[in-house]
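Down below is the structure, laid out as structure tokens.
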């Protein structure tokens, strides 16, 4: 599909999975993830894939786990609470080295901690946070690629906006380079060979003497792999006007798009403000944030939450500039929809406020 | 029905604006003395039921109405209306 | 049927002036606020009314606890004048268990939908039933996830069209419906199990008697009691409100057949 | 040029479908669209609204518009967020069958008895289609041909039974809108080519 | 019985020199390493042997997948020469579902304990059964959480003493046991359901035939198949290994009665 | 019981719950939480309480939720994976304002992130980390107190050592001051009053008009309460030799006890090293860590994980001193038991190593 | 038994050190030709089974042994031992 | 004075029970104890060990001891962690029925045929009790009266059936130990009062 078409974000994400070769999906309805599931239920049969209306989130991720273990590109997802239920599995998928895309459709921005540090143990996953539908289409595909590359789950951090915004998008297969063979995938054929395959969070080496699983060994190996992954993955980030900015605004996801819009407006009006939009939430683009902060007087963080990513920003900046949190949780009465503060007006005035306090609004401008 | 004297043992208070126009009460009423308006809409834009003679006070309507639109009363003395009255 | 205009419309704006007796109020005592956002023709408020009536009529207003699941009916968890404990999706039976064990004098009733109970939390209700918890679990079964938009649940009947089984549920692809009440009835701790419906006034009355009996069983300490209530969901079924009662009878009602499945108190 | 719209109502009133029809009609007319639907997922019948930006070129604004050129109020509940986005030059279409047309707002108000008209020509459920037709007819935002294409695309497959009702409603609305256009308080959406 | 010393002990250190035929090897083909850390007298390795023998004998060595739960039997998940997918506690049926749907040619067998299947993951197996997944689920039922030290599970029979029901399981306090196979048999998607045991050689043979049949049903695409196998857990039962087979028959076997509960392929 | 008795940590925790008036417990076996459950199964009936052998972790926390809502002191618990399964409930308990003690028996120290930031949304809980059995007895009781005080779950972060170490302890009821009445507790009696009580994660105000729950309102209220709680709770911390230390070692829980032991030894040998042992992991004792760091050249963090608390240390120190991570995951082959590195010898040499590199080991000493 | 000629149709290889001494094989053996050692222990400290004449090669022991201690063979020609041989 | 001990074996060998008996016996003898049992929870029959510190006053060391005064090896599997904690002055008791007594270690080795003795006088399962008795008898670490009290307290209620077997085993071990005491390579636990 190379003609732009009007697609709802959820449908576009589903379509992106299709073109990226995802052929197994399982999910359980929960706003704003529901429509992704509907999209997959509609698309999978047509392309010879499977979409399971799983009976719960835990069963959904279990099904995707089973499918992924056979080498099929597989995905699941949910929103905050449903993802909480999947946490045990997400962490253990890292230990089992099973690739998977997990569509994390947050209701607000307040699931950052869960997405980046939610699991038990030391397991960690790459988290990609698009800001709009076209980016969601790209990062859905990238997520599937990275999952396969590192044999690890990848989270796509979307939100209510991305789920429900219709935009004209082109959904085309993206090529992110070659991938290693899935020689570990289960298909039954290695049975009886003396080297039958095993996929297990307890270890991947078949016992050859009688010691059983050695979890110490296995955890150490996985830890090495994670460190290698975190070193290898180039953190993705978008920056704007950071060179001479006195105030830097950091925001991710859809709020990052609002911030970018406001910062551009304010720049046009002569305010010395810039922005950094982390795209990989893990690994966090600390270097880019730190570079942007170095010349600035203040780094202000906007999040639709009580402040979660702000910790990662502080860890990146480490005192090199003042940090202010200018976000806050905003939601409508149903907790699904759009809060009154997530709009150009309120965000602009919060940014302007910091800028005024930091003296980077020239008299007469704005 | 209209040629016999109609006995009315019960009556209703209808909270018209609470109605969402589902019409479940219409079929539920054994003597079929409820009918939906055809033109009048309530403040939420829904058609709603009106009551005709012959209510028995059986509570079928109030028991089935999903929007708690009805209060049902029974007359201490049943009301009888002759067909000629029409 | 005579045209409405040839008969006088009764004034129903206020109670009549002549001596009358109120036989049914807008809402029963334990429903505080009748207004709600559920769809026109939804069967859930009807079931809710029955449950609350039973508690009030049996004089249990001041010792009852309703534990709610998450579904459209959740809208009622803050409309009631009965004490309410709101559970997460699927978890009501465990919360009810904890509450009941901590305060055995509480008459404890859960209200869950089919998505909540038979999908997300199937094992919760089965474990509670096997344990013979002295609680009453009510299943509002409409065969869909009403709230999220009408998707298939584990009780959806074969052939039923839902938002994500657009060609109708097929056993090959989506499996068979679970008959929740039957499953529960098979467990030793379950003392009373029945299935009713609210698609017409007669069924509403029958269902109310089932709820009554379930509460009696709970009060008698005879074990776990369970009432499945088939409810209309015209929105999730994508049909007109007036067609919903018959649709209920013809589709889900034909598979999830009504009646009392088990009553050990009566059998004993 | 970009035109931003916002429509509000209560759940089940077809706001989302109306927005779909507008969006797809605009595309059929050769324009680009960003549309955002906001509907409570947990409570049935909660507030629902939709915002649209229709442009002659690519759209790069965030999904919540700061102010709107045209508003549509199908119901008086949850009106406040819409009113907040109106400017003195905005125009507000109200469903005068339900909403008191004398809404206090900076914008100029255009009453359309959408529900009444819907009941009259088609069915209650198609009130929002009447309104879409009226907006198009009055402002020229969407062409009549565009509307037809939009409706065809927007109706989910399990709702095609409703196609006829909606077409009738759209047409009735369009006619009403065109009649309104005579009244000069209704602005013209696009420079006429 | 004669004292051992008055009869010569046969040399069993190596195969005899005369012509012989090997009729049973130490382990079947699909068990790679026989040594394991399970307790003396544990019934689980016996069941494991049967399952692996069936897969090998039916010529399925190169198209089989075993999905393991978490319990003592997990020790086998890396001892086998059959492909293995290790699940988290309770989740094996979902993993098996995903694997089977993704590769329908795989003969997929889950192995779970009673704690894993009937406690933690009860709804997983029921949902899979209702869906009629073309998988075979095997339940190793010893009525305790063997691995964590012998605590009560949902299948523990009334009166049975466990680590946390020191006075014996009482229905009033701990509820009734769940008869897993019976529950599964009640679901429409379940095509074959049977319950065996490994407490004596006769039962081992019978149980093996049940596993055989279950795999046949899976291969025939007739639906979900299920074999419950009662296994000894002398450690968790706090008894001697030699007493365990009778204890099994007298306690859990008396409640979870053996036999074929359902076979739709035969019925059809 | 005021005579010291030899008790296993798990049994002591159970006994501490008993004396603190906990009368409802529900749990599911998982090493090293299992023995706490066994202890409660043994003790509850004797004191008229209830201990449920719940069928799963999710059901366990649900049962405790129901009991706690009736005003009974209630607790549950598990270990890493089981707690992951409970995450949805833990976060939502904060929203429902239901007090509860959650016994978080970690298998290693690697569940710090999950314990402090594991949930969805902005919900957070107090986390208490004792270092040994006597402290476990105290903080178990404090945890139940704080849970009631703030109507919020509290996590007691123990580990394999605390579960399985036998020590001579005195388990006596501790008084932490008065508590507000539980006038919110459900007992049925408010039914029919027009003000029947409601306990719900969606909001606690009964609907008086027809707007339904207002989650925006409710979340804002809970957020205010959480902020107040975090401001009010005095972070607990133990420090030693920080005044003139050139190297500060930060460690929590049992590893903190090892570190203290080693630091004392090294001090006796003339090494200028000190330690900080955070006891409340949330709220984190940032001020104490920062103060200790100010005079030091280096703050070294020892954790039995790939490094999780180290983030909180960095956030406290914010560049005021160098941070080194000297921990690492160590476990035995079963992943339950004790890894080879968690012992006085290896820990001492890691500490000594930093001290040498930082030049605070005087020639001739050690 | 010892007064009749004993026919032995099968025999075993016993992996003595794999045995954990549970004794399940003893009861399982139909002709009861397996007995546990009374004094000898294997390298893990367990008593273990020894075989006497009369094995039928029925596989009951190998099928029930939880520790995979047995290999079962059938003689191509059954071995007959006269009682006098004892 | 503090005496640190470590005992290792494989699961099901009664290491934890042995440690319990020692700990409770020491308390009965008026001393204080910290004891730490390490047993794999997931795999049956995995390694298991226990460390104890017995002191005349309160004990403030962390639960994993750095080195041990006395070691007990019931099985040759998982011996390494124990060997690592032995110093040249440590003494190592080995179950010579199972473990090759010639274990290479800096410490002096005391062989006790615990399993053989257990089978002989009581039952296989009580080998560890034999060993506890032997350690007590040889070193004077625990009194005979203390051992009895310790066993009574340590046996879980569902295991009291085993009481007699274990007492017999303890006694046999104690006697063996006392005999060993003649041999001067066995150190004395406490200064004799």
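A, B, C, D, E, F, G and H are the chain letters, set down in written order, and residue numbers restart from 1 in every chain.
By our rule, a contact is a pair of C-beta atoms (placed from the backbone, for glycine too) under 8 Å apart; a residue touches a chain by one contact, two chains touch by 3 or more.
If you're wondering where the values come from, they're calculated on a predicted model, not measured in any experiment.
S.K.: Chains shared as neighbours by subunit B and subunit H?
M.R.: Of all the chains present, none is in contact with both subunit B and subunit H.
S.K.: Have a look at G-H versus B-C and report the one with more C-beta pairs in contact.
M.R.: Ranking B-C and G-H by C-beta contacts puts B-C first.
S.K.: At what distance in angstrom does the C-alpha mean of subunit G lie from that of subunit F?
M.R.: Those two chain centres are 57 Å apart.
S.K.: What whole-number Å value describes the gap between the mean CA coordinates of subunit C and subunit F?
M.R.: 41
S.K.: Whole-Å distance, subunit D centre to subunit E centre, using C-alpha means?
M.R.: Here subunit D and subunit E have centroids separated by 63 Å.
S.K.: Using the touch definition from the top, which residues of subunit B touch two or more other chains?
M.R.: 21, 46
S.K.: Give me the residue numbers in subunit C that touch at least two other chains, ranges are fine.
M.R.: 35-40, 42, 74-75, 88, 119, 121-123, 127, 148-149, 154, 166, 174, in rising order.
S.K.: So which bits of subunit A are touching at least two other chains?
M.R.: Where subunit A meets two or more other chains at a single residue, that happens at 30-31, 34, 55-56, 58, 81, 88, 92, 212-213, 332-335.
S.K.: Name, in rising order, each residue of subunit F that touches subunit E in their complex.
M.R.: Residues in contact with subunit E: 28-31, 34, 37-38, 41-42, 45, 53, 55-57, 81.
S.K.: Subunit E touches which residues of subunit C in the complex?
M.R.: Those residues of subunit C that touch subunit E are 119, 121-123, 126-127, 130-133, 154, 171-172, 174-179, 182-183, 186-189.
S.K.: Quick one: in the complex, what on subunit F touches subunit H?
M.R.: 6, 30-32, 34, 132, 160-161, 164-168, 254, 257-258, 261, 332-338, 340, 342-345
S.K.: Mind pulling up the subunit G residues that touch subunit E in the complex?
M.R.: Listed in rising order, the residues are 1-2, 10-16, 18, 20-24, 26-28, 30, 32, 35, 38, 46, 50-53, 55, 57-60, 62-77, 79, 86.
S.K.: Would you tell me which residues of subunit A are touching subunit E in their complex?
M.R.: Checking each residue of subunit A against subunit E gives 23-24, 26, 50, 52, 54-56, 58-70, 72, 74, 88-89, 92, 96, 186-194, 196-203, 205-210, 212-213.
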